[in-house]
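Have a look at these structures, which come just after this line.
Paired with subunit B in one complex and with subunit C in the other, subunit A is shared by the two complexes that follow.
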Partner chain A sequence: MAPTIHYYCPCQSGESVQTPPPPHMASSSASFHPLHSLFFCEECDAVRCNRCVSIEVSGYYCPNCLFEVPSASVRAEKNSNRCARNCFSCPICRSTLQVVASDPPDGGDGRPSVSLSNVGEPPFFLYCNHCRWDSAEVGITFEKPTGLAAQLQKFEDSAPESLEFERLKEHFEPFLRTSSLSSLSHVPSTSSHHLPTSSATAAASAALARDVPGVGKYNPPARSRVGRDRTANKDEMPEYKSRMEISVLGQLGSEGDGSDVEALRRMETAEEIASLEQRWGNSWTTSSRTSDLRPLRIPLHSKVSKRCPTCRHILIKPEQKAQSVRYKIKLVAANYLPAMTVALPHTQGADTTRRPQAKAPSTSDDRNVGAIMAGKSYPFHLALTNPLYDPIQVRLSVQRMHVTAVTDGTAPEKARRTPFAVSLPTSSFPVAAFAEAWEYDDDDDMFGLEDDELGLEMGRTRDKDGKGKGKTVGVLEKRANVTVVGGEVVIGKEARGHVKFNMLVSYTYRSDDPLPSEDGAGTPSRTVAKTPEVKTFTFYTVVDLGPILPREEKVDPDI
Partner chain B sequence: MDAPVYYSKAEFIETDTGNKVSRRATIAGPQNIILGGKTIISSGAIIRGDLRRTGPGHAVVISLGRYCLVGEGCVMRPPYKTYRGNFNYYPMKIGDYVHIGANTVVEAATIGNHVVIGKNCVIGKFTIIKDCAQVADNTVIPPNTVIPALALFAGSPGRFVEDLPESTQEMVESQTKQYYSRFQPLER
Partner chain C sequence: MPPIRDKFTIHSRAVVCQDVELKGDITIGPGTVVHPKATIFAIAGPIVIGSGCIIEEAAIIVNRRKEVMRVGDNNLFEIGCRVECPSVGNFNTISTRARVHHTVRITNYCVIGAACLVVPTDDETLDDYTSIFGPAAERRTWSGRGRIQEADLRLKHAEYLREMLPKFNRLRRGDGA
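Let's turn to the complex of A and B:
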């Protein structure tokens, strides 16, 4: 397992706690994220992760035909969170279905006849390329190869569940509308969602906003009085009569009326019963036989824009086109925080020498060579890449942690000893600024930078592993905007588990003030603003160097 | 990550645009194949540039972009279809910064930029893979699938798993460029 570094986002801990949880606990992995999935808010000067950002939908598209559906039509129509064109997914294997024409009529003389029409012969049906299911098995065929969803719409609308839903909506709508008008004053002003377009959703969000702060409003047995709770200051609501009796509905599904038991008796293979994954997307109970599964319209995907939860600054704003990967606003943490990678040099030494030769004989050899063994000390390399256009000074420090949990077998007093000790360079070291790629062209010999530290070393000189190294802890190499520092970890004899430690990284950088005043008659405040200010940013990371192999289990490499 | 990936100098042909093609790769119909520059074709790869669409003139069967990597043992064949009685091959267009893993069979119609495909995958015919998508290892993508941008597909049949982070494009671009610079001949 390669060593990794993850960054800490404080959204999971409370408001006052800023230190990360101890890394050996399983639950702490929720607070640590790889750098490329994090965002950075410039106003708050804080790291944000995908869990804490607030999300708004900026557009919908079908993942199969890539057609962009306007948000208005998605919210307005009933079934419109699915593609309205020809995109269906196979009920058996969930891959996309292809519209195929039936075979042309046989000419009778054995030769394959050439179809005259452009799109083939009707009737058309859906065919799955992966599992060879086709919709003729459930009796769904089409007259035209386009507009399939519209052709199926008639059948869908007459299904008993959608008629029941319409009836429920008509029953609740007048009451929800009047209750939403009376409770609009309760809606919090910092709502992050767009104003709902229909009265039903307005009422739902108003009810939710009212219910969430107060905990004691849940009344489980009062199913028929749900409307009454929400319209507390309104008149009574008449009781709802459903369109058909429950026993009638039982014949549609498998509600214990004996017909499904008969089917089970006649069953030959286990695949005749639809699996849970194929069935749980349906809102009502349907037949549990695989042969009754119908093709599903493909649900739409959405493009989201993300905002900082505290200051509402937009962090991610995608472009209008659904399939474009560019963003109008993109405040990712990788543009602000130094990217760090960690490597164990003894692992890399084993890999590179094997490549041009024949394949390595055994994998257990690799495991012993590359892994971390208890009772030894290993150096590791930490490479920091500076994304800013200014040089930074970085200081690292290991967070001290209490280790109380150790695996089985060891006595409690042994468990309290720290399993490993990490030493890092304690002084701050600089990392050069980032410059455009053309300055570091491979073919070019000159670097053309004013920084004299880089002038000392040309190209990729680094300490060869064979030479005697003077130090293992400290700055090892500076190249372009990457600085490699070395640290050392000493593993105790009784150590188990993973070598994971929290590391505090703080870096300072100059943020130059723009626009120094050219006018000689500047105000005093302007002359003060000319001096660049030095800003410091601090964040936590967790470094995972890999599992520790206990010493007794050393595998004989000859076997 | 900084470790160089060595190859035997005699094994690879390097062109003036920086493409590195292994001599042990099977390239059929090289006049119909376009490599964008700084592209690596590993040993054992099979690229069928000879399966071209019938018709006069010069046809481009397979075109790859810059900084691409075709893994070892990969098979790249253009997709074919019988339409109104005519059998035809369709050209295969691959974008820049695309890494294709080892032993993968690719019959897609279009692959966008910054795509990473894992090893032992099977990409069915006429698949369209948009920019910055990724296909995990050991995935089987059925024919005629569309993989939208920034999507991660896995499983057999390949299904949508999750959306990738927004900085995927820069990550893949820097990884592919770094891989090319680490791919160095071993002086013997």
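Let's turn to the complex of A and C:
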């Protein structure tokens, strides 16, 4: 397992605590994220992760035909969370279905007797190019190759579950409307996440309130509690009478009935029962036989925009067009925080030799060579890539941990000592600024510049051991905007589990003041030679070097 | 091991590019197109390829058995596939990067999906219209609907290649040992 670095987002820890949880606990993995999934809010100067940002949908589109569906129609219509055009997914392999025409009648030798026209002949059906399923096997054919969703809609609507659902919705709708009107005036929106949706529905509900004279007499401020409103509503609601008996519904192919058992007895192969992935896309439970699976319309995907939870600044705003993958606003953490990768140099030599034999991966040798064994000390390399246009000074420090329990359940008194000790360079070291590739001379190593954004990759055949470095702890290499520092980890003899430690990274950079007004310092006077603002940002990371193998085991795990 | 004696019998209407690696006793029928960088190794026994086949780049057709390996007509061997079957029928499609072991016999109108590994330990014959797909190489039977359109497409594909490939690649002329 390759060593990894994850970054810490403080959203889970509460307002007062800023330090991350101990990394050996399983629950702490929720607070650590890879850099590519993090955002950075400039106003709050803080890292935001996917769990703490507030999300709004900015548009819906079909992933197959890339047709943008307006949000109003997605919310209003009943079945409109799926594509309304000809996009269907194969029930067997869930890939996209193609609308094809039937074969023309042939002379019997497999070769077409008449030349095939472009349009083709009816009846048309859906055909999966991947698994060669076609909808004629379930009896679905069309006379026209367009507007298929509408033609299938009639079948879907007449299903008994669908009719039952419609009846339920009609039954509850008046009560929902009145209770939402009364609750709006009482409940303040605590989380900004709900604010946009409730304002939209509030506007709609207010418009409804004006039209209906009966609701005008209903005076919400007169009542003191919302709860009492709700219970009063419940008492007024008449009992719901379902459209058909529940036992009838049970025979329609849901589980646990006599007809199902009969079908199971007559089953010949395991493929006759539909698998879970094939069935959970349905809205309600259908028959569990593969032959009863029907093609479903492809569900729409949504484009979301993300906001910082505290200052409501937009962090991510996608473009309106479905086919463009770029963003109008993109404040990702990778543009602000240095990207860090960690590598164990003694494993790199083993990995590069295995690259040509990609066809038959053998993990038996890798595990013994690349692993971390108890009782030894290993150097590791940390590569930091600076994304800013200014050079930064970085200082690393390891957070002290109190290890109170070892997962293996070994003798508790030995667990008091920390199982490994990490030494890192303590002084601050610089990382050069990011510059475009064309700014460098041709003499420098140009190949390293393409990978600047990603830092050092594992597959690099640069052999650091071959350079004959005497020291392992300290700055090892500086190249373009990447600095490689070395550290060392000493594993105790009784250590088990993963080598994981929290690391505090703080970096200082000069930000030349672009807007003199916001600083308040008044920078028009250029005689004062550069009073640039020196900012420091601090964040935590967790470095995982991999599992520790106990020393005795040198057995081939494949046996 | 006796040295492999090259003996290529390439029909005059077949299109075989110069960069193809051929070894052993190989017969290629009329109308077949072999793209550059394909590999056909008749190591232990001869290979006979029918008419109208399309063998794309990096495809590997290997015969390690002493018996003749017969490949039928109008098959499509997509990029990167590896086929060692003792017999292949007509109108099959072996998709990109698929691997078919020497224990399998393919009949007609079969489709081996992309990156599927058909590597059973025992000898096996795939029936007509078998379709293999997915990462676990699941199987199902194609109903055969649409086969005429697909056959027509295959013919047009081969015809187009026969016309276009010689304009951009050097051709290997058929010759003896």
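Throughout what follows, the second predicted complex is superposed on the first by the 411 of 559 C-alpha atoms of A that agree within 3 Å, B and C clash if a C-alpha of one lies under 4 Å from a C-alpha of the other, contacts with A are read in each partner's own complex, and residues count from 1 in each chain.
Please note the rule applied: a contact is a pair of C-beta atoms (placed from the backbone, for glycine too) under 8 Å apart; a residue touches a chain by one contact, two chains touch by 3 or more.
All values reported here derive from a predicted model rather than from experimental measurement.
With both structures placed on the common chain, the touch criterion links A:A26 to neither subunit B nor subunit C.
In the superposition on chain A, A:C65 makes contact with subunit B only, while subunit C stays out of contact range.
Of the two partners, subunit B and subunit C, it is B that touches more residues of subunit A. Contacts of A:Y327 after superposition on the shared chain: subunit B is touched, whereas subunit C is not.
Touch criterion met: A:H130 reaches subunit B and subunit C at once. Touch criterion met: A:S102 reaches subunit C, while subunit B stays clear of it. Once the two complexes are laid over each other on the shared chain, residue contacts for A:A270 go to neither subunit B nor subunit C.
Touching of subunit A by both subunit B and subunit C, each in its own complex, is seen for residues 93, 112, 130-131. Residues of subunit B touching subunit A in their complex: 1-8, 84-85, 114, 124, 130-132, 140, 142-146, 148-151, 157-160, 165-171, 181, 186.
Interface of subunit C with subunit A (complex): residues 91, 111, 113, 131, 133-134, 138, 140, 142-143, 145-149, 151-152, 155. On the side of subunit A, the complex with subunit C involves touching residues 92-93, 100-104, 106, 110-112, 116, 120, 125, 127, 130-134, 136-137, 271. Across the complex, subunit B is touched by residues 36-37, 61, 63-66, 93-96, 98, 112, 114-115, 118, 128-131, 301, 316, 322-325, 327, 330, 332, 334, 341, 343, 348, 351-352, 355-356, 383, 442 of subunit A.
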